Amino acid sequence: MKPSIWVKRIAFIIVLLAIWQGVYMSGYFPAIQFPPPTKVFQALVEGFADGTLVGALLASFKHLLIGLALAITLGTLIGVLLGKSRQADETAGMYLIAMQSIPSIVWVPLAIMLIGLNETAVIFVVVLGGTFVMALNVRTAIHSVPPEFIKAARTMGAKGLPLFFKVEVPASLPYYMSGIRLAWAFSWRALMAGELLSNGPGLGYSLRFAMDFAQMELVIGIIIIVGVIGSVVDQLVFSKLEKKVMRRWGLLK
Amino acid sequence: MFLQMNEVAKRFADHEVFSGINVSIEKNQFVSILGPSGCGKSTLLSMVAGLEDVTEGTLRLGGEKILHPGTDRGMVFQQPALFPWLTVKDNVTFPLKADHSKREKEQIAANYLKMVHLTRFKDAYPHELSGGMQQRVAIARALAMDPKVLLMDEPFGALDEQTRHILHDELMKIFEETKKTILFVTHSIQEAIKLSDRVIVMGTRPGKIIADFPIDIARPRERDDTKVIEMEKKIMELLEDEIKKVMKEELDYETKHLG
Amino acid sequence: ASGNSNGDKIVIGYFPNINHVAGMVAEEKELYEKTLPDGTEVEYKYFPDGSAFMTALETGEIQGGLVGPGPAMNHYMSGAEINIVAAGSTGGTVIMARNGSGIDSPEQLKNTTFASPRVGCTHDVQFEALMMREYGLKSDRLKGEMKHVTGKPATYSQLFASKRIDVATVPEPWASKIEEEGHGKVLIDTDEVAFGETLPAAVFVTSKELVENDSELVQNMVDAHKEATTFIQDNPEEAKEIAANKIKDITDQELSKSVIDSSWERIDFTYNVKLEDLQSFANASYELEFLKEKPDLKGLVDTTFIEE
Amino acid sequence: MKPSIWVKRIAFIIVLLAIWQGVYMSGYFPAIQFPPPTKVFQALVEGFADGTLVGALLASFKHLLIGLALAITLGTLIGVLLGKSRQADETAGMYLIAMQSIPSIVWVPLAIMLIGLNETAVIFVVVLGGTFVMALNVRTAIHSVPPEFIKAARTMGAKGLPLFFKVEVPASLPYYMSGIRLAWAFSWRALMAGELLSNGPGLGYSLRFAMDFAQMELVIGIIIIVGVIGSVVDQLVFSKLEKKVMRRWGLLK
Amino acid sequence: MFLQMNEVAKRFADHEVFSGINVSIEKNQFVSILGPSGCGKSTLLSMVAGLEDVTEGTLRLGGEKILHPGTDRGMVFQQPALFPWLTVKDNVTFPLKADHSKREKEQIAANYLKMVHLTRFKDAYPHELSGGMQQRVAIARALAMDPKVLLMDEPFGALDEQTRHILHDELMKIFEETKKTILFVTHSIQEAIKLSDRVIVMGTRPGKIIADFPIDIARPRERDDTKVIEMEKKIMELLEDEIKKVMKEELDYETKHLG
């Protein structure tokens, strides 16, 4: 990337911060409601220094990793089932779409009442957040294996399980990677929802806590952390992985 | 006869593609199939490959009935259908059974890649090659399992004219070197005449064989050879009627559907 | 989904709130460890609100603890198998008006906005019942004249400062804190709020299953709770210090000595609980349409353990 | 669609309900935690009969419509700006992706603290939920106008604003429709998040209220409503619209 | 001269595509440009269309310098580039200025759609037509603004052989009816000889004109006309060297990049 782009980007941030500070200094909003950037920065430094934010981050990552791993596993199994079995797809496929269109936050009350106000409930919500989108993508991945690959492989004597594992699985990898990226995005959203309504620990809980105790600077600080983590993980991990696969598979120049 | 089609017919749920196909092909013959779009050329080839069921009649290869795909028949499609996750070399060795040792596989891949002049690209990935190069890899892959018959469905249809000429020459060399039997589907009359020992012309509605010419012209065949030109004219006339039939139906169909 | 009746771990829940000092003292002085059989591990959990507490109790994550009577009653009405076995404290709810709002009597609350921690929570019912019965004013939920918003008491200072609300029904210590910070002033004091002096502001709740199947354990818990309450009555200054420290620990909020002192004035620490007080509170809740059916709290309160 | 598919789908639902009833009757979960389907149905009927659920639905639709309309408008403006101006894209494009990766629930505390706990805050969250994804899609839509369309139009004398409105706008419609569908999906999620943390009225608030009062049957009932509305709107409105445009544009057979 | 290229050169940032192009084209002449891939045929055509800047030299049409695209030059690309949101008729009237009345527009559309035999499809949408039909609409659209020059960049490159033959005939008829000047880029030597009054052959690295043949053969031209065959051979030989040059460079390039 050209250095000039980074200059522009950083300039943009600086201008934003200046406007923010300006609004603060204008006194239009009461200070208790509208903290200046400096106080937000200070709140973040303190949070990291005394370890509360570090602990919250670690807890959130734990929930996310466990939940996402489960969601990917479950989603893959369901997706393969629906992708390979027309019977299963016709029977349950429609409901999968319905499940996916339920915002994950809606699961939180159910999870809390069934499982209790603990980390398992948060993980449960994360799993629900990621599983359906994963399953839908795996199903699509299997359906979109180019039929000429399967035909070609069959003329070379491949069939049954070897055909599945040696051709269909690798051929569907690009869609599978998109599935993983979407599963991450939705699990990440579900994680925040679950934690926000949970009893901690976790980044979402810290946010809730800051809100309950009117620590506006911490609220903004945590939103910034969430945005940075979300975009960094998305861009540096999942998007990159997806693009790499797409490029190798010749689907992207 | 080596490859024998006996009263072969194909029906899909609602319509009959062709019926009463009787063809006998000798070993080491290069046979082209010409015909208007939709007459069932690809379907017939797929049936020989074992990818499609035979509705009626029998197909035999070396006396044995064709029921499933098998490594005795290699197929090359219009799209190279190379596996993008494998290198050129691994694509070529894909059809080889596990009982080949790693060294044997390397040897076979090297052998066929040399034949298509792509030795240097053995570690490249398909997306790094041009369309013509990819099609050469697909041919090498089909050859690697040493099939008795090579089935080719418009293998050069997606390439530009110049590349096509180059691949014609390569295919001729391979044909002479390996002594394969080749069944070759194409839209191009010139291509069929340039390459084949024999041209089968199919008609449509319903699909059937309407002509079967031996091409007794010495190779290499020049475009300006009078025999070539004569043959071209003969086939062109035969096909024109068929094509007009299709065009008319299409226009009618489209008019009906667009009301 | 069941109480940890004969395991060796007990979890007690309470809120970091001045009405729950008994919980804090018990934790600090390790009173449960003393009354429970030797080797029992005691853990504490702090909750953001009463509904969360009740859910935790129902799912067996905690075995008992202090909660507001509102959530306890609501859940009981919905079929939760729970018992109130003691009170935690009474009083502590104050109605406050924004400084500079010009409001100095409840009659002026028409067309104003009031805040409570949750819709239908103890403090909300206390306020709304008073307004409906004494002044004929209702919230917009009942198509009335007062706009209702919810928010955590800790944010009321901010809501007053930004003129978002005019009135709030505030539990201690936040009432005293708001007073001290100067954003709001007392409009109706604890004793004039509906059920202000009689209604427990916190009750000790446990599951019915434990009461029936492991009454010994329940007795031990209640004994510890009683001891804590007695301690508060006997050593108010030390109890205040414990409360201030615990609240700082859990919530990161610093409460000044004067805030604590002022809160303390409005709270009565007692473990005695009467069904009638709760029933009349529940009736008010029904009148305010928080409950769909006429409440019958028979069977909710079990006073046998405090009488021991 | 073949009738046999509907038979399978309905059979699936019936089997699910039977299992649910079976688990209930086994008594493994206490009734307060795990109500039977009959009670859920009853709660829904009551909710609709006494008008509470109808009111909640109307309020939710109001928030959604206002929020989505604003999100689409704002998103389009930002997207066009970034799509047409390389300068703007290089400066602010990256932050748009970062904003999009912030779960909308995270905005709720900020909205509540800045705006207050009222319907405006809910709408604000809905707007934030939809705007960024809309903007990203509009940007992509503009970038992916086939250059041959523009070339062809230019050879026919089109340029400037007429070129933009007569060629680029219609050419980008398929992506634009995808943008709207995604904006809806995210706004819908944001709506539930915002309402759940608000104090009503709205479907999310009713869910929260049911949870607070331990009315598990209502919790499940509302989750079902949310799922049904979500999938019906998605399938019957947005997906259909998108597919229709795609088909007309020749992007789908 | 009608269309005049004078010492024209084109450079992109890092490399020169061609230079020193001098061509004069008369009114109502059908000129084909042949050349190996990458020699700059499309670039040159785009420059005439006004889509690409001229780096050096001048391009003049009817005496006026070409600086921008204009309705005096219509262009047809390999992809029909029809607007999918407009009906066939509206696609054809798209280039017409607002000062035409609605009736005039209808009239013009009807006129040109008749010319390409698509009157019946005027209310269809592009995606409902076959590739060949779409390309006919694109031709009608380019004609509708009544340009002085028709620029065609491999217009039939994506069609199959039979369709191509049909469109050749249609294009010849249009050429005779409308008396347009046509600049036609193609890869196919046969196509160029069949259609044009004149064939310009371009070479590459660096791009330049290496030959310029008038085709003085009476139309319609038969494939087996000895003059046609002779001309084909002459051009083929000329091009073969150029193509080999490109192929070799490509192989070298790819080998280098794949290590």
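A, B, C, D and E are the chain letters, set down in written order, and residue numbers restart from 1 in every chain.
The rule is short, and it goes like this: a contact is a pair of C-beta atoms (placed from the backbone, for glycine too) under 8 Å apart; a residue touches a chain by one contact, two chains touch by 3 or more.
Treat the numbers as computed from the prediction; the structure is a model and nothing was measured.
A.B. asks: If you check the contacts of subunit B and subunit C, which chains show up for both?
C.D. replies: A
A.B. asks: Across all chain pairs, which one has the most C-beta contacts?
C.D. replies: A-D
A.B. asks: Using the average of all C-alpha atoms in each chain as its centre, how far is it in Å between subunit D and subunit E?
C.D. replies: From the centre of subunit D to the centre of subunit E is 48 Å.
A.B. asks: Just the number, please: Cα centre separation of subunit C and subunit D in whole Å.
C.D. replies: Inter-chain centre distance comes to 38 Å.
A.B. asks: Taking each chain's centre as the mean position of its Cα atoms, how many Å separate subunit A from subunit E?
C.D. replies: One centre to the other, that is 50 Å.
A.B. asks: Taking the mean of the CA coordinates per chain, how far is subunit B from subunit E in Å?
C.D. replies: The mean C-alpha positions of subunit B and subunit E differ by 33 Å.
A.B. asks: In subunit A, what residues contact two or more other chains?
C.D. replies: 29, 33, 112-114, 208, 211, 214, 216
A.B. asks: Among all residues of subunit C, which ones touch two or more of the remaining chains?
C.D. replies: Within subunit C, the residues that touch at least two other chains are 55, 58-59, 155, 158, 162.
A.B. asks: By the touch definition up top, name every chain pair that qualifies.
C.D. replies: Going through each pair of chains, those in contact are A-B, A-C, A-D, B-E, C-D, D-E.
A.B. asks: Would you pull the subunit D residues touching subunit C in the complex into a rising list?
C.D. replies: 28-33, 112-113, 116-118, 199-200, 209, 211-216
A.B. asks: Going by the contact rule set out above, which residues of subunit E touch subunit D in the complex?
C.D. replies: 46, 49-51, 69-71, 73-75, 77, 79, 81, 83-85, 94-95, 97, 125-127, 141-142, 145, 151
A.B. asks: Across the complex, what residues on subunit D touch subunit E?
C.D. replies: 146, 148-149, 151-157, 159, 166-167, 170-171, 173, 247-250
A.B. asks: Which stretch or stretches of subunit D touch subunit A in the complex?
C.D. replies: Spelled out, the residues of subunit D in touch with subunit A are 4-5, 8-9, 11-13, 29, 33-34, 87, 90-92, 94-95, 97-110, 112-114, 185, 188-189, 191-193, 196-197, 204, 207-208, 210-211, 214, 216, 219-220, 222-223, 226-228, 230-231, 234-235.
A.B. asks: Show me the residue ranges of subunit E that touch subunit B in the complex, using the header's touch definition.
C.D. replies: These residues of subunit E touch subunit B: 36-37, 120-121, 123-124, 128-130, 157, 160-162, 166, 187-189, 223-224, 229-230, 232-233, 239, 243, 247, 250-251, 254-255, 257-258.
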